[in-house]
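Contents: one structure, followed by commentary.
Just so it is clear, A, B, C and D label the chains in written order, and each chain counts residues from 1 on its own.
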Amino acid sequence: MVVEKIAVIALYTTIAMFVGILFMGVGRKIVARVHNRVGPPVYQGFIDIAKLLTKKTNISHGWIYDLALLFSMTGIMLTILFLPIGGVKLLSMEGDAFLVLYLLAIPALGFALGAGASGNPNAAIGVMRALVMMLSYELPFVITLIALMIYYDTSSIAQIVEMQHAKWAIMIPPFVLAAAVADMALQGMLMEAPFDISTAPHEIASGPMAEFGGKHLGALMIYKAGTIVAYTTLFVDLFLGGGVVMHDGSVLAYLANFAVWFILIFLVFTLSLLINTSFPRFRIEQAFKFYWKYEALLAFISLIWVYLMVIS
Amino acid sequence: MLELIFAVLLIAAFATLFIKSGRIAAIISLIASAMPLIAVVDWANDFGIKAFSFGVENSMDFPIAGITMHLSITSFAWFFAVMVFSLLPPIFLFSYSFFEKNNGFFPFMLFLITAVFGILLASDFLTFFFFWELMAASSFILVCISRDKKAIMSYLAFSVLSAVLILVGIALLYSQSGTLLFSDIVLNADKVTVSAIILMVAGFAVKSALMPLHAWAPFVYSKADEPFVAFLSGGLSKVGYYGMFFVLFALPGAKILHQYFNSGVATYLLAVIGAISAFIGTLLAFMEDDLRKLLAYSSIAQLGYIAVGFGIGSSLAMAGALFQAFNHAFFKSVLFLVAGAVAYRTGKWKISELGGVGYKMPFTFMAALFAIFALAAIPITSGFAAKWLLYEAAVSNKYIFITPIMLIAGVGAFLYSFRILYGVFLGENRHDDIKEAPLPMIAGMFLLVLPLIIFLIFPGYMLDMMHSALVDAGIGTISHTNYVIRTGMASYNTLAVVIGMMVVMIPAFLIYVLRKQKKVDFKDNFLAGEPYEFYGYISMHAANNFYKPIEDVIMPYLRKGAISFYTALYNAMGRVSDASRKIYTGLSQDYTIYIIIFFFIIVGWLIW
Amino acid sequence: MGLFDGDIMKYEDWNKISRIASRKSLWMVHFCTGCGAIELPPVMTSRYDMERFGMGSMATPRQADVLLITGYLTVKTLKRVVNVYEQMQSPKYVISFGSCPINGGMYWDSYNTVKRLDRYLPVDVYVGGCMPRPEGVMNAFLELMKLIDEGKARGWEKYQKYYEQYKRNQKMAFNFEREKDEGA
Amino acid sequence: MKALELIGKGEEMHGRAYIKSDKEEASSIIKKLKENGFDHFVMLSCVDWIDNNEFELVYHLWSYEHKEHVMVSIILPRDNPSMSSMHELFPQIETYEREIHEMYGVDFEGNNRLTPFMLEGWHDMPPMRKDFDSKKFAEDVFDSIPEIKEEEDEGI
């Protein structure tokens, strides 16, 4: 039984990473089509990573700089382990939403350490912006998370997915508002255009990644692919029922759930890309004010609305 | 057994008073500080099963001047003792090479230890207050060594305030329950009024730097010697929480408050104060430039979490609070020792002046890294389990105001933890000439980091340790095995996280190993093509006012702040004492006139 | 021990895979010196769209494979260009735009402009024209891809092999040394 | 022309005021002009009259108020010319002085940043002077740099 569980976990994690890398190519294709361009082939993500990993010379600024490579990839895969993917509970019975929230911090902090160790002032400014962005989008996202937890009276994502079998969370009135807020927070998490402040290529030479090249950049590209899958799956699990359509344990159910999950995260990712193509880049204090003033207010309204519903 | 420990501590304290060289004094105090730790370990097996009672057999009566002091160990005092006394040997090991000559640090630290030992053992309020005053006095002298007027004044003012609050509380308790013995007070707890409890809690809150009463912390933490500050922020603040734990739970203060207000509003208020101090402490922390002030504000923030746990009061919250207290004791003392080691080598405390210290002091950097991961509650250290319990407690009780603030304070912790790591250790290599910290310092730091890792994998041991404490204090416990904590809402399996991480690290490790890499010197950095020498004279260390964008957004709201209130108070006190100087001119003629006038008033009053 | 350095897989087929990967995803950093930088936006935008070949513009030389020199180089900028080139990670290629890097172009008699770029940096592909049109630039990219495929784009190995000669030339250029007679 | 009335001398050339002055008087003229509306310092240029062996420094000022362009010109001897720096009046003059110092060899006392500006590593005579033969210099320096000799074996 255990071996079968491990096999399923390993299979789903690798599939999730492949889907992530695929989405990078698909993402560039969608953005290109919006720009009325042809855009790269869909499998461009795989080629980029293959090229980076087969670079002949690689530079390193010390063991802390390499730590970034290890931490970022490990952290993001660990997060995917604790997220139910397509209805399959990988390890998500063992941990809950708070754990996922803090697991997402490991790659961010490891990445920040590596950028700091590279000694480039651009990298430090980029990391400052990334951490401020994290502080700002975390407030509304956390408020919506608490609203969900209070409503479903559980903090484990797997149970939230189970409770959404009959009715997706987004269909309940207060959670429509919460989902909108969480989607804007998702925009910040994925570092898409209005909020790609920390890796701004024009202002600070692509921020924290200024000194990353060759295999380090390849690992960070895999991390970026992982974040695409992790954050969109988190959103889908919390609000769109985690893509669970059929509940009997048959192979068909696995496939159906997987397909629905794939379509849902694709839709969420495309939505964030469309926002990406239609907005210029904010300044960091504008983004901070945007999240802490307007988003937090909306999130708090939905939280109170849910609280009133629950105690009545 | 207790007399032996007290004797050894006091003899060592008096001995080190006269020893000039720091080294010998450090060795003596190291041995002396190990004594209470041995006693604590010896009592360990008692508290697996022993029921709670205030007179366990290894108690002792301690007659001084006709008043008998009752000393006995209880289960929760034992837990706090483990936490506080296991800090000391590593701190003294650290200060072995930190102090060349004995500037009074060692004797008064030993007095402080005897005082803390006495507080934890006290079983009646008289001994409790006696040792509380001894602790306040010895820690005050240790602050005086720093010779910084503002730190001394603020510490004096606040420790006097807390002593007065506690004394009045004790007096009220005595008047209502007629006795000072803890066990008797617990028996007739119904006669205890609410005001005594509120006063006592406020008195203890001063010691653990909760928001309105925290003004002394930034000044004292940033001026006193690092080893003392490590014990002050790691250990002494926990003594404040011991007092609060005793008053609210052992002496069922919380129940009395509930009956009086017939709702949980009072303890909820304590939780709100804790959450606000966590939030504002974090905001103030990441805008600080002085490393020790930053650590001071972060200490206030982390202590706020414990107050939230005390405020909520459920078994989940209390387990989280005690676990957080344990973690905070260790990672905060490591951080202050790291600040001491860095200052020992570079002589600087400002983050903007430090930079690139980590390249030359790798072990200190590793210790700081572990402590920061514990502070930021990242799941690879035991810090996460504590905060997770607190979040679970807050959400299960549906506190919708406290939980978001606590979570944001948790995320805010990442900001100043990166500020410490980047500002001090990484970035531009500006300290090429320094050497690694001496061996005893590194040993001290790593000894303190060890428990953070042990309790990562097995939080269950920690929960067993506090099991008897929670049960005896009338709070239930939570179901847990060695590595899985199960609460009503969800479960947290540390082993799954650790093994998952090991397995998932393989692909990353493969990529790292399979491609050779060339170490590149710091100068070979991309600066738009300009060679580093060209920029030689401009600092490339981007750590100066690092979070300026948010500072401009947040600062207007924080402008008022508690400290400006206290500085106004401080100036007012200065003016009052100035005015009084006019009366006490010190000239004998004036005094004779006063006597005559006074005499006439008395006579007039008698006749009239 | 390095899996990709021919220990496990034969050097040639591994080299082939890395060549295909690097051909299909050329990331470029362009050093906008002279007047050629303005030729790149049309190449990137919808009419010519170099991204369909997997090419993208990167902010730092660490992340890039192709260095575009887009115009004349004064001696002072050459010093920075060499610095950027050395920070790139091999396999790396150089494409130079316009006639100035070829033979000094209209600055042929200028005291400050570098005349032949390939004496200081190994250039893989030249693009003629006093600023080539986007078609010329696209043709250059395709030419470079063909060279990479055939394994002929070895500029970076040539730089490593004849490092001393390149450094000597650069030093002479940086100090305006004359071999024949010192000073007018 | 407003400038001519202000200073009292000089004549009008191609629609611009052209005032001749000498080294000592120049800064006072420019200060006077600056206070009366000519607050936009356009540029500082240097003309090399090689046949009558002198340099001509021309300070160009513009006034948005009067919509007038004024040129204050100073004659300097050609061998080791020197002039007092005026960067207190307009900060950007410092950069123009650096350039003219490097290209013509005019020394500006008081300007402490006369370091190499465009020509790093230059140890020849200032190149913009008319007696400098740029073509010959280019051939000597750049053509003398040898080709990269590759051994004729199989290459790499």
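Criterion: a residue touches a chain if its C-beta (ideal position, glycine included) is under 8 Å from a C-beta of that chain, and two chains touch if they have at least 3 such contacts.
Being a predicted model, the structure only gives us computed values, none of them experimental.
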Subunit D and subunit B - chains in contact with each: C
Using the mean of all protein Cα atoms as the middle point, what chain has its own Cα mean nearest that point? A
Which pair wins on C-beta contacts, B-C or A-B? A-B
At what distance in angstrom does the C-alpha mean of subunit D lie from that of subunit A? 58
Once you find the CA centre of subunit A and the CA centre of subunit C, what distance in Å lies between them? 37
Among all residues of subunit B, those touching at least two other chains are 515-516, 524, 526, 528
In subunit A, which residues are in touch with two or more of the other chains? 53, 55, 57-59, 205, 210-211, 214
Scan subunit C for residues touching two or more other chains and write them down. 4, 60, 62, 79
Write out all the pairs of touching chains, ordered by chain label. A-B, A-C, B-C, C-D
Quick check: in the complex, which residue numbers of subunit C touch subunit A? 4, 14, 17-18, 21-22, 24-25, 27, 45-46, 49, 51-54, 57-60, 62-63, 65, 89-91
Write out the stretch or stretches of subunit C touching subunit D in their complex. 74-76, 79, 104, 108-112, 114-116, 118-119, 122, 154, 157-158, 161-162, 165-166, 169, 172-181, 183-184
In the complex of these two chains, what residues of subunit D are touching subunit C? 118-125, 127, 132-135, 137-138, 140-150, 155-156
Within their complex, subunit B touches subunit A through residues 356, 358-359, 365, 373, 376-380, 384, 387-388, 391-392, 395-396, 398, 400, 403-404, 407-408, 410-412, 414-415, 417-418, 421-422, 426-429, 484, 489-493, 496-497, 500-501, 504-505, 507-509, 511-512, 515-520, 522, 524-528, 540-543, 546-547, 549-550, 552-553
Would you tell me which residues of subunit A are touching subunit B in their complex? 13, 53, 55, 57-62, 64, 66, 69-70, 73-74, 77-78, 81-82, 91, 93-99, 101-103, 105-106, 108-109, 112-113, 116-122, 124-125, 127-128, 131-132, 134-135, 138-139, 142-143, 146, 149-150, 153-156, 159, 205, 210-211, 214-215, 218-219, 283-285, 288-289, 300, 303-304, 307, 310-311
